[in-house]
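These notes open a run of structures that come right after.
There are two complexes below, and they share chain A, which is joined by chain B in the first and by chain C in the second.
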Partner chain A sequence: MIVYTLRRLGSALLLTAVVTCATFLLIFRDGPSIARAILGEQATQETVDARAVELGLDQPVFSQYWQWLRDLSGGSLGHSFFTGEDVTSMLATRVPVTLIITGVVVLLMGLISVLVGTAAAVKGGWIDRVLQFFAVLGSAVPAFIVAVLLVLTVAVGWGLLPATGYVQPERDLGGWARSLVLPVLAILIGSVGSAAQQFRGAVSDILQQDFVRTLRSRGIGEGRIVFGHVLRSAAAPGLTILGLQTIGMLGGVVLIERVFALPGIGDLAVEMALRADIPVVMGCVLFAVLVVVVVNLVTDVVGAWLNPKVRIS
Partner chain B sequence: MDLIASRRRTGAVVAALAVGAAFLTACTSAAPTAEGGPRTLTLGVSGEAQSFDPARQQSAGDQRWRWHATFDTLLHCEEDGSVVPGAAESYELSPDATRLTMRLREGMTFSDGSPVDAAAAKASIAHMRDSGGSDAGRVANMEITTPDELTVVIDAPQPTGQLPTFMCFAPGAIAHPDQLASGAVASAPYSSGPYELDPSGTTTGSVYRMVKRDDYWDAGNYAYDVIELVTMPEPTARLNALMSGEIDGAIIEQEQVPEAESAGLHVLSNPAAWNGLYLNDRAGEVIPALGDVRVRRAINMVFDREAIAEYTMRGEAVPTTQIFHPEATAYLPELDERYPFDVEAARALMAEAGYADGFEVEVPSESGGSAVMNPIVVQQLGLLNIEVTEVPLTGPTALSDILGGRFPIFFARIGTGDSLFDIVQSLEPGSIWNVMDTEDPDLQPLLDRAQFVQGDEAVEVYQQINEYIVDQAWFAPWVADNSFFAVTGADLVPEMTDQFRVTPYLRDFE
Partner chain C sequence: MSADPVALIPDVERPAQAPAPKEHVLRRLARDPLALISMVYLAIIVVVGLGAPLLAPHSPNHVDLTLTNAAPFTSEFLLGGDASGRDILSRLLWATRGTLLACVVVLVVSTVVGVVGGLLAGYFQGRAETVASWVSDAIMALPGIVLLIALYTVIGPSIITAMAVFGLLIAPSNFRLVRAVVAGMRNELYVDAAKVSGLPDWRIIFRHVLLAVRAPIIIQSGFVLAAGIGIQAGLEFLGLGDPRTPSWGGILQQSFTTIYLNRGAVVAPALLVCFTTLAFVLLANALRDVLQSGSRHRPLTSRQLAAARASVVTPEAEPGPADDALLTVRSLRIGYPDGAGGVRQVVSGVGLSVRRGEIHGLVGESGSGKSQTAFAVLGLLPKDAIVLGGSVLFDGADLLADRDAARAARGARIAYVPQEPMSNLDPTITIGRQLTAGLRAVRRLSKREAREHLLRLLGRVGIADPETVFDLYPHQISGGMAQRVLITGAIAGDPDLIVADEPTTALDVTVQADVLELLRELRDERGLGMVLVTHDLGVVADICDTVSVMHDGEIVECQPVRALFTSPREPYTRELLSSALDPEEMP
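Entry: the complex of A and B
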């Protein structure tokens, strides 16, 4: 298990290097253009050229990437071209917002998917049909449309919850909870049906297998079969589904953060990518890569722990 | 047994829902405004915040609020572009417009108690000049001296009639000299302005809470005890926040106006920009045809300005052939009749100039900007056999490509200020928006005079300049369109006194 984990970490490092290098090449433009974007239309060309040199943007792109890697190895993500802020500090205020939203959504999605998916697979009938309907509906309606509808009805129309903004939990716990409800719902509504349907498929497949028939023939109750054997076997594909949904959700969170004016990392990444603020964009990409790596690692390790068939010796 | 278990489960779900509902209800009513508490104004800001470094600030738009709250400016610009005292109680521009002398008020202090004096003003202007800031070009090569502790003198290398105006902008912001030197001004500035940053209520990049300074010399003109500036780049989020009453005011988009008004919001609408074509290659260096004034006039005649104002701009614009907005002193109503929509006459002009077969030209295409209007350009210039190719521009290099003079023609929406501001912005050789550095010996004497003439004589010169560039078809303006600022009540901003007419000053909120 330790060797396996170390190998996964090694591949994660390689993935990080490849993705960050590709991002650097994609976002990089010629130095004076970036300096012009930073300083604005009123800046003189001399000032623009001087700023490009000051920021090291006159160096070859691979030299700049190498410098970024060296800074990273020293624990520094650099400073924003625009605000001058330390990128680590910027991420420190943004990452928790994104992580909390995705974390709550994943938790609820996992819980609801398992409950509804299992019920649909075991009971069938109307539960299954309703699930199929909502899975298609959820996939058909984009999260930002759901977000706008929720805002217009729940926030603007009924005044029950805030339409925008994020409240720090240490300042107002109730306000914090309220500020999360609609963003979480907007993402959840679009993704939970699909996740539950996929989990239903996994459970349904397990229920068809020979060992389940054998268990039934021995007179073991349906509850014990489902909760003691089937769910454990369905855990691995279920976790894979959840992992993929979590990674896919990062893209959706960007839109949700903008619609709800949440100060998360997605919103920051969009704004700064448009301005070619390379240090900030690289910081955001590094965060996204880390999320992907951690989610995959956790999925594999927990899946192996839950299901002896995929356990790695 | 199963029935009982089922009922228990149903009961548990109902109880959980009830607890959740009670929690939400409790939360909903958990934040009432305290009776007699501070008057708070909450505004939505459309862009990511820069640092507080004065050299990084923008002189127009809603991002000004943050630094306007924090830094006093030496002078103040009124709605008509006139300049009145600010931190400087008086000023004098020399007759040749090369020296500006400002006398500061006595007794002003920063929020740390240190004096706001000539040394601080000098350090601030020099910081903008030397640190490559957003408005560095406006004070480039200027010398600053302080004959005494309350007098600041700026000497410009050439006549600069806009010098007092620049002191209303970011170059006139007064920051603490020690903080400028140490860099501390970027994150935790001492205030010279009407408000100071409240770190305990601020989340960097998201919400900035400003608390009023009662010891500010003009505190009486600021109605609110607390101002909260909330970063909201997405127009939809700003409108939603306005409609739900979470913010009191914000810039909105043209297409949002009907929804805002139907939701009971009050929308302030003002002409703030002109839309149309920059015909940059007036010397014909890249496209010889554009060097012929008849071709430029023909281009002006193939656009149906009234239709564009009515349909493309949804009636929130007025047709014009001028780059000066209708309330500017340079504006002349009769010039709007100069280029009627007449395709046949335009074709005749092209033929007369020897370009009946047209020419090819590349125009930039930016998403959300020129990309929206370029179909009109392609179609209408096609009537003159001018073949237009769109060049997509994305990201931060777009501005550099456009200002670098790469395109002989492009569509633009350009914000306008007072007449001299627009002249300096677009007509001078070396002006930012004179991207191919057109020099015209017939126009230059007027441009030179515009820098120092005053009063009626200034109006006369500005109008002569306007007449000349319309006659010479330096541009092909289509319409002057409006900007929109929505507030939760009409009495919140009785009057918008900002010369750019995009966002109110903080002191306009009542």
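Entry: the complex of A and C
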């Protein structure tokens, strides 16, 4: 178990290193043109060159990367090209927003998937057909389109909830919660159907296993078999499904933040990409990769722990 | 694609059955209304995209300031005007060309890179494959849109380049498919045969692999295109597209910023993206059903079911069960949907009867219906099984008709010993817990009483250290021990009848004899009746009192064991005996 955890941890670190390195080399590749992009077409070549030197963009890309790594080991992700603000502290104000939205969605998605997926696998019939319909619909329609349609109907049409904007929780807790309802709903609608359907698949696979028949033969009631035995076995695949869906959701979250003007990481990334504020963009990429890596790591390790064969050996 | 499309693409990694001929596929697709609508819709999109210069009422940049933010259906701008006074309909029509171009780019890049990479990795294997697979897994794990946003700083507002990058990011789904097929094919005989006959290697690969992966890649393409359109519109919506040319996502974003001024303007671009991605996904799903439908069985409609039941001839009045019979099965008929609206019978009119203390063997080759008969007695037939007729009389009740009686009998009066010991134990909980759960389901016992009872029984079935085994997980014990645990589970509720389905087949020969001996002892101690399903005539000779021989869903002969071995009546029984038994082994 410990060896397994360490191996997964090593592979997670490797993935983080490779991806951030590749991204860094790609986006910092052409220093002078970055300086040009910052200053605009009108700037003279001299000012551009001067700015490039000032920002260290005249250095070879590998030495810039080395510098970035050294800063990283000191807890810094560099500074914004425009405001000079520390990237780490810029991320720090944005990360909570993204994590809260993602966290609430994951929680609700897990809950609904288990309930609906189990019901569909055990009962079949109309629940199953409705679920299949929503799974196809949800996986086909992009989340930001769902978000736009929600804003159009719920917010603009009926005036039930704020269309866009974010309220700081310490200022107005109710308003904060209301500002999160539509974003959460938009992401949830897109992902919960396929998550539930995958969980349904996992449960119905287990229901067909020999040991379930044997448990039935002992006179154990169907409810006890499902809740005491089948769901226990479905926990590991369920966790994998949830992990994959969580990672898959990240792209949707970026767009949703833009639709609802929520000050999260995705919003920051887009804004800074449009302004060519590359250190900040690099910080956002690192955050996304870390989320992916951590989610994968947790899924793998907890999943292994759930399996007695791995846990006890 | 709320979700990142790379992670969401469903696994079509089953290199499926040979695809049906082409016109056939299209005709079958057209029969599915959703697929037909999707195809017609997508055809219209293509025509509209190509014909935009002819079809659009205005040029995309034609401005009429009086129609700024005009609501849909109120002016000559049919779908309304945008904030700059341009016709939204015309702009959408022109933007369709960009979508089509992006689709082509995504499709070409993802297919070429995925297929070529998969071919190379699968064929050469070794280190190249390891590296390629690691890269592919890493790409699959990443949130594609975040990388595309970061790369905007390098590639700028060129949506086509961005979509080419997206094609790279989504290529792993094809890569994995192709690699798996090639790796599987490498070892197959006909590749070797082709090698011997001197064909160059690349031709072997192309001929065979491309044929095999064609169907799954076509299906996959539907999902890839849906994801691509979603990503493209998303990037444009974020403002990362080319602002000079109209695009679906760009128009949607412009309309969205003025949503309070002109509500209706977002509807058309939003639905356009929505319907197009939906059409691709529906088409891909329908294609999957048509191209890979081998495994899917539609359940029967109630009318088909009634017809199947009516076609069964009900036997005339049968003699009542013998007085001393514990279990009487009469005229049992079981079938399964045959996939074409009919029922395939697997048990056709089986009857047998078991007395207390009798071990009744049910022999026959696999597929003869003996296990189905056993499951019917237990009331544990698979979900799609259809009982066409007959009765299972146990203690005065018909267990087939009376589900409550069947439930009450299970575990308490009728118990089951399965064939494969390992797969019949719940792998996630300890042996003690699963035995206790079963026992307490049928007997009112405290946990402690149940534990004591079970420990005694575990000792009785020959487990040396019951206390230790009680707390072990199934994977920690041997197969023979697991079978003893399962026998403990069966006898724990003190049943009158045990149905044992090939109880020794999965065990080592030495353990087999022990388990048979144990079953015999338990019968003697408790006066159990037993239905013993087996294909092994050695087991029959060893332990059974009476034998029913099954063939093709029917019992062809039923005799006391000695009589069956010495004077079989039916030719089939004789055949079975002569093929399976050494004369010396007969009792």
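The rule is short, and it goes like this: the second predicted complex is superposed on the first by the 300 of 313 C-alpha atoms of A that agree within 3 Å, B and C clash if a C-alpha of one lies under 4 Å from a C-alpha of the other, contacts with A are read in each partner's own complex, and residues count from 1 in each chain.
Heads up, the rule we're going with is that contacts are C-beta pairs under 8 Å (C-beta built on N, C-alpha and C of every residue); 3 or more make two chains touch, one makes a residue touch a chain.
Model, not experiment: these values are computed from the prediction.
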Does the superposition put A:248 against chain B (first), chain C (second), both, or neither?
second
Just to be sure I read the superposition right, which of the two partners does A:189 touch: chain B = first, chain C = second, or both, or neither?
second
Once the shared chain is lined up, is A:142 touching chain B (first), chain C (second), both, or neither of them?
second
Contacts of A:180 with chain B and chain C, given as first, second, both or neither:
neither
Tell me the contact category for A:26 with respect to chain B and chain C: first, second, both or neither.
second
A:91 contacts which: chain B (first), chain C (second), both, neither?
neither
Which holds for A:288: it touches chain B only (first), chain C only (second), both, or neither?
second
Tell me which partner touches more residues of chain A in the superposed arrangement, chain B or chain C.
C
Does chain B (first) or chain C (second) touch A:213, or do both, or does neither?
second
Name the contact category of A:15: first (chain B only), second (chain C only), both, or neither.
second
Chain A contact set shared between chain B and chain C covers 29-30, 34, 37, 148, 151-152, 156, 163, 258-259, 270, 273-274, 276
Under the stated contact criterion, what part of chain B meets chain A in this complex?
23-24, 26-28, 30-31, 44, 47-51, 53, 56, 58-59, 132-138, 140, 183, 186-187, 203-207, 230-234, 236-238, 240-241, 243-244, 246-247, 263, 395-397, 399-401, 403, 432-433
In the complex, the residues of chain A that touch chain B are 29-30, 32-34, 36-37, 39-44, 47-48, 50-51, 54, 82-85, 89-90, 93-94, 148, 151-152, 155-156, 159-166, 168, 172, 174-175, 177-178, 181, 258-261, 263, 267-268, 270-276
Quick check on the complex: what are the chain A residues that touch chain C?
15, 18-19, 23, 26-27, 29-30, 34, 37, 136-146, 148-149, 151-152, 156-157, 163, 186-187, 189-191, 194, 208-211, 213-221, 224, 228-229, 232-233, 244-245, 247-252, 254-255, 258-259, 266, 269-270, 273-274, 276, 278, 281-282, 284-285, 288-289, 292, 296, 306-309, 312
Give the list of chain C residues in touch with chain A in this complex.
1-8, 138, 141-147, 149-154, 226, 230-231, 233-234, 237-240, 252, 256, 259-260, 263, 266-267, 270, 273-274, 277-278, 280-282, 285, 375, 378, 380, 382, 407-408, 410-412, 415-416, 418, 420, 423-429, 434, 437-439, 441-442, 473, 475-476, 486, 489-490, 492-493
